[in-house]
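Chain naming follows the written order as A, B, C and D, and within any one chain the residues start at number 1.
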Amino acid sequence: MADNGKNQSIPVAVLGATGSVGQRFVALLDAHPWFRIAHLMASERSAGKPYREAVNWVQTTPIPERVASMMVEVTDPSAIGECRVAFSSLDDTVAGPLEESFARAGVLVVSNAKSHRMDENVPLLVPEVNADHLELTRTQDFGRGAILANPNCSTIGLVLALKPLDDAFGVRDVNVVTMQALSGAGLPGVGGMQAIDNVIPFIGGEEEKMEREARKILGQVSGGKIAGHGVRISTQCNRVSVIDGHTQCVSVKLGQKVDVQDLIRAWREFEGEPQRLDLPSAPKPTIHYLEEENAPQPRLHRELGNGMAIAVGRARPCSLFDFKFVTLSHNTLRGAAGGALLVAELAVRKGLLEGVEAPGGSIV
Amino acid sequence: MADNGKNQSIPVAVLGATGSVGQRFVALLDAHPWFRIAHLMASERSAGKPYREAVNWVQTTPIPERVASMMVEVTDPSAIGECRVAFSSLDDTVAGPLEESFARAGVLVVSNAKSHRMDENVPLLVPEVNADHLELTRTQDFGRGAILANPNCSTIGLVLALKPLDDAFGVRDVNVVTMQALSGAGLPGVGGMQAIDNVIPFIGGEEEKMEREARKILGQVSGGKIAGHGVRISTQCNRVSVIDGHTQCVSVKLGQKVDVQDLIRAWREFEGEPQRLDLPSAPKPTIHYLEEENAPQPRLHRELGNGMAIAVGRARPCSLFDFKFVTLSHNTLRGAAGGALLVAELAVRKGLLEGVEAPGGSIV
Amino acid sequence: MADNGKNQSIPVAVLGATGSVGQRFVALLDAHPWFRIAHLMASERSAGKPYREAVNWVQTTPIPERVASMMVEVTDPSAIGECRVAFSSLDDTVAGPLEESFARAGVLVVSNAKSHRMDENVPLLVPEVNADHLELTRTQDFGRGAILANPNCSTIGLVLALKPLDDAFGVRDVNVVTMQALSGAGLPGVGGMQAIDNVIPFIGGEEEKMEREARKILGQVSGGKIAGHGVRISTQCNRVSVIDGHTQCVSVKLGQKVDVQDLIRAWREFEGEPQRLDLPSAPKPTIHYLEEENAPQPRLHRELGNGMAIAVGRARPCSLFDFKFVTLSHNTLRGAAGGALLVAELAVRKGLLEGVEAPGGSIV
Amino acid sequence: MADNGKNQSIPVAVLGATGSVGQRFVALLDAHPWFRIAHLMASERSAGKPYREAVNWVQTTPIPERVASMMVEVTDPSAIGECRVAFSSLDDTVAGPLEESFARAGVLVVSNAKSHRMDENVPLLVPEVNADHLELTRTQDFGRGAILANPNCSTIGLVLALKPLDDAFGVRDVNVVTMQALSGAGLPGVGGMQAIDNVIPFIGGEEEKMEREARKILGQVSGGKIAGHGVRISTQCNRVSVIDGHTQCVSVKLGQKVDVQDLIRAWREFEGEPQRLDLPSAPKPTIHYLEEENAPQPRLHRELGNGMAIAVGRARPCSLFDFKFVTLSHNTLRGAAGGALLVAELAVRKGLLEGVEAPGGSIV
């Protein structure tokens, strides 16, 4: 047994390790009880340098000592050795084929890129919402390896808020207006002069992604095939002057007549597979319903559950839909690196990876 | 004849002259071609001091020289002498009865307060939208005086964007999510620690005001009575980290099947009574439809038409409503002091004030 | 032994518990290994309500469960019972006499107010810098009680950076320009409209406080009297658009000719009494010298050592003084509540409080 | 005669017309009484497109109609025809030789790049400070053409504040800490995530530039040679969360014992050559000394004199130097495009350009 309850028996690779999501992976994995960083992979420009030199570290915690001196390697499955898990924050322009090559090499790739999200046989996972979609991987032809996709950061916050309502009452129509944080745009991202004293009412491709991904995640898997959810979704996405934390104003039409207290109860009682399996990154609870009239706010509430929980507030009747409310999720923790970790924990605990066992045993 | 085309033959009073909207009135009136500041009125605490000393001036132009040395007077109609026009930015807690006392003294009060906005016989005016509502004043019983109300800052931006659509196609349902500037909260307003790296998803009373006021403004007047517009409106109001400029994400259901180009044409061809009357504060055009995919943005577009025009962009089909788009208006210019000036210009030009003539003559 | 290593055997009171520093005390004390909140005291307006209702909680962690339901009491020493330690974040306007009345009741008052900071017999403590000043309390006449003062938030960051240089080389002249965070102004503090896209080059009384306090803290105590340090200090204080973290541009003239590496070594080797005594809130190290050319930055480095360490960077020769450098400290952690906790830990460990023993024993 | 008093008889070229300073040139020149944009030059990527399409316009006023449809040309002196004045905001990496080639083609190049600023025979001009340095151009060997350099944006604000003090009392030592706006970094510049809730205590090369340039500008020209000023200057440069406006905390040691009122009088009575010549872009006055205890502030005072004046405040004695004060200047108006315009106006009015006459005549 290691100190701090850290066993870290499972070696992992981080692909795209020098980028902003890659850095989040490194920071989170340093303290992870199961996973241990064995490979840091990046572009040729960074390969061959110690991580400390290759990275422009912009996290608020220092670079973990052990990792700082590790050599960055070129992103190549032949170098990954015995390592069977890779977290990918590769750029969309190269992620597609690279991730496949790792999967074919027997690696479980948990990807933040959009490349494979809508592939028929790739589960798009929010572990509290659709853990059962894992079975889609059976139809993948990567041998021992597999690809699991982490959804877009704003999609994750939305479907977590919708799932308890859909389970209990059925969700028919959803209108969403997002106010998204700057960190969602990666580095260099939005310039300071566009970010201050401003709102940018457009994020390229984001509205389409949210509508498409949400229907897949909320959909049903049967017989190795996924049927998208029939919900109608319309989104408007804005970039606002916030560092971390996507706020969303949501309006919903439900399948039943209920009252506000029913919604609040559904959110508060919600528990997902990660909580039942007691996964290390699972927040308890996943959803905080806040009573204050002016909550949730990104600066005050984005860190709830170590940034893995979401906050919901201001549920009230709507004269056009049935209800409207506000939801907030941390876009680089729950919405990116933290969410991907939870996906990997779920997959490992569920025994997806033959030969790789979760501490305490896998559950098949 | 004065220089700069400034005739300034009509003396006016500013009530609440030391507040943030009061300061905007002072700055705008200094260069006004018709109106001349004759009285600066404020609370007892400020009365008796030169304006320069009474005010904590926070405008980006210096205090006008002539006004700086004027004495601030207590807010009392008996002191207003021959002055027949007053711009009120009095606090809601005292505005109601004080404004009435000025009206009874024969003064035309143009008010930014909410006190009388929903009174049956008080027109709630956005001059491009409902100039004909002026006739409601005939049913007021203030003798030669009258009260005209300027709507809430976010309502103004919304109804200006909706009016051309309503005229051309009929507007049935409207969903709005606002991202409002800090200056809308007056002084001291939102604290710096709440304003930076944050969104506050709540503005007290704002959602109700927008829904209620928009229906009145878009309504029909006949026989001295107003019939509210039947449009269903649902709003969610947020405060964002922007100094000036309210951005609104709007979804609309129309009475006819049309396409996006029809909407754009309706906005671009829109002209209101202020433009036809060539009023000094009337922007030409009132509505700028912007083609850029990421417009409008508060920092870039709030000053269009000297802050009296609005910007609209991103019109596109909506899967739940018919269309969605983004609109932006300057909340302390068009949405407050500038809007009130335009109301006063309209009223004077229309001959509402017996014995007070617009330069160039009144039109009855 | 309690769980989490928390013994919490020493009951404490928080005076001014609902304010912004009071909230920080509550958040920090919740996890403290020695201290347990026994009393929450505030103004009459809050007294008699559960803390949850009395406070407008603005911390980024939720209100601790145990504390949320505690009743707020009126600020009165007669109600404090057996409790012997009080953390005061009382307003400067009332702190003076109130803190004395608690001291006379036998309580060790650790104060964030400025009222007693310059009193001859009140130690103004930065535990790494002048732990020996504790002996001044012998000249206080509060019986078993005592008053210890926590310096101004910007003074603390400055003296921590200067102390190792003064010990090693002697500090003669110091020029400082600060760029201070908004949280230093308390609540409501600087308005959002002044805070965004702006710098305010003035903080009332701050420059004088920094110059005066720094000389006292760096001074020598002998025979129960303090002799201020002879250093000449000139400061210019600015408020910038930062939530937490005071940045200071410092220029120093030293008593010896040394080079930049000597300075860096002095900072890196610096260790104070709190580190030697292994106090619970003592950061290790206190000073992080950062090599990056653009460090320290408030958003990246203010949390070092849980906000109790300071960061120093950019040390380089100066053509007017000997050296210039940049220092950064967290103003509400090290600079306020966290600093006061460290003072209390030092006092208790040093046996200042007869009958109150630190876990593990006191050192006299 | 054109309307609006615009004669615009002198055709000019803008080099680097699509960049952020280039855009400022375009916006300012549109309303200029003497100059008319005849050529917009940029990189090959932009050449051949209408300006509207080539530029990502980020100014707060719309693209001038006449300019929007002009074709962007490649940056080549052979295409400039009869045009004899060029404003260069070329990138430092290419500016040096390109500007020389324009000068050799008979063009007066007013440059914002740093390439030629320290050349012995290139005057580095702040027209109120060193108009007489124009004579350096006699030693240039560009035939009818010439190169004039506009200093670094932060240097300009500093020397304008120092010049009246130097003239009256002699300036010996100067310590400066800057808090510089984001717009000074051009596009894309500082990322939004680095800009919000942060200070960056480093701007590459800026400190050296300020020290070096200030000594040249304040120096004496005689016999076609420049002797740098003997003042000792030490600077620390910071980037803060401000859109426009560089704030500087300055400490000065003077050659005489004077009091604060003497300084204020020197600033207030200051008048430079541009004011005496009544140049179109000359602010009157150049220096506003503000009495408010918390002035100057970028958001409130950067627009004084249409952004061409500077604001000074908080002059007070200093315990290390003689005095300290705060100065503020608009970095993209006075500090870049506006300053360059004033330089060109000075040169034309002074008859530097044979065959190009200022409206109203040149003064030799």
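Just so we're on the same page, contacts are C-beta pairs under 8 Å (C-beta built on N, C-alpha and C of every residue); 3 or more make two chains touch, one makes a residue touch a chain.
Predicted model only: the values in this text are computed from it and were never measured.
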Pair of chains joined by more contacts [C-beta pairs], B-D or A-B: A-B
Most distant chain from subunit D by Cα centroid: A
Chain centre separation in whole Å, for subunit B relative to subunit A (CA means): 44
Intercentroid distance (Cα basis), subunit D paired with subunit A, Å: 48
Distance from the mean Cα position of subunit D to that of subunit B, given in whole angstrom: 39
Interface hub residues of subunit C, defined as touching at least two other chains: 58, 194, 196-197, 241, 243, 299-300
In the complex, subunit B residues that touch subunit A: 173, 175, 177, 179, 194, 196-202, 204, 211, 232-234, 236, 238, 240-243, 247, 249, 251, 293-300, 313-314, 318-321, 324, 326
Contact set on subunit D toward subunit B in their complex: 58-62, 196-197, 243, 299-304
Touching residues on subunit C, where the partner in the complex is subunit B: 58, 182-183, 185, 187-197, 241, 243
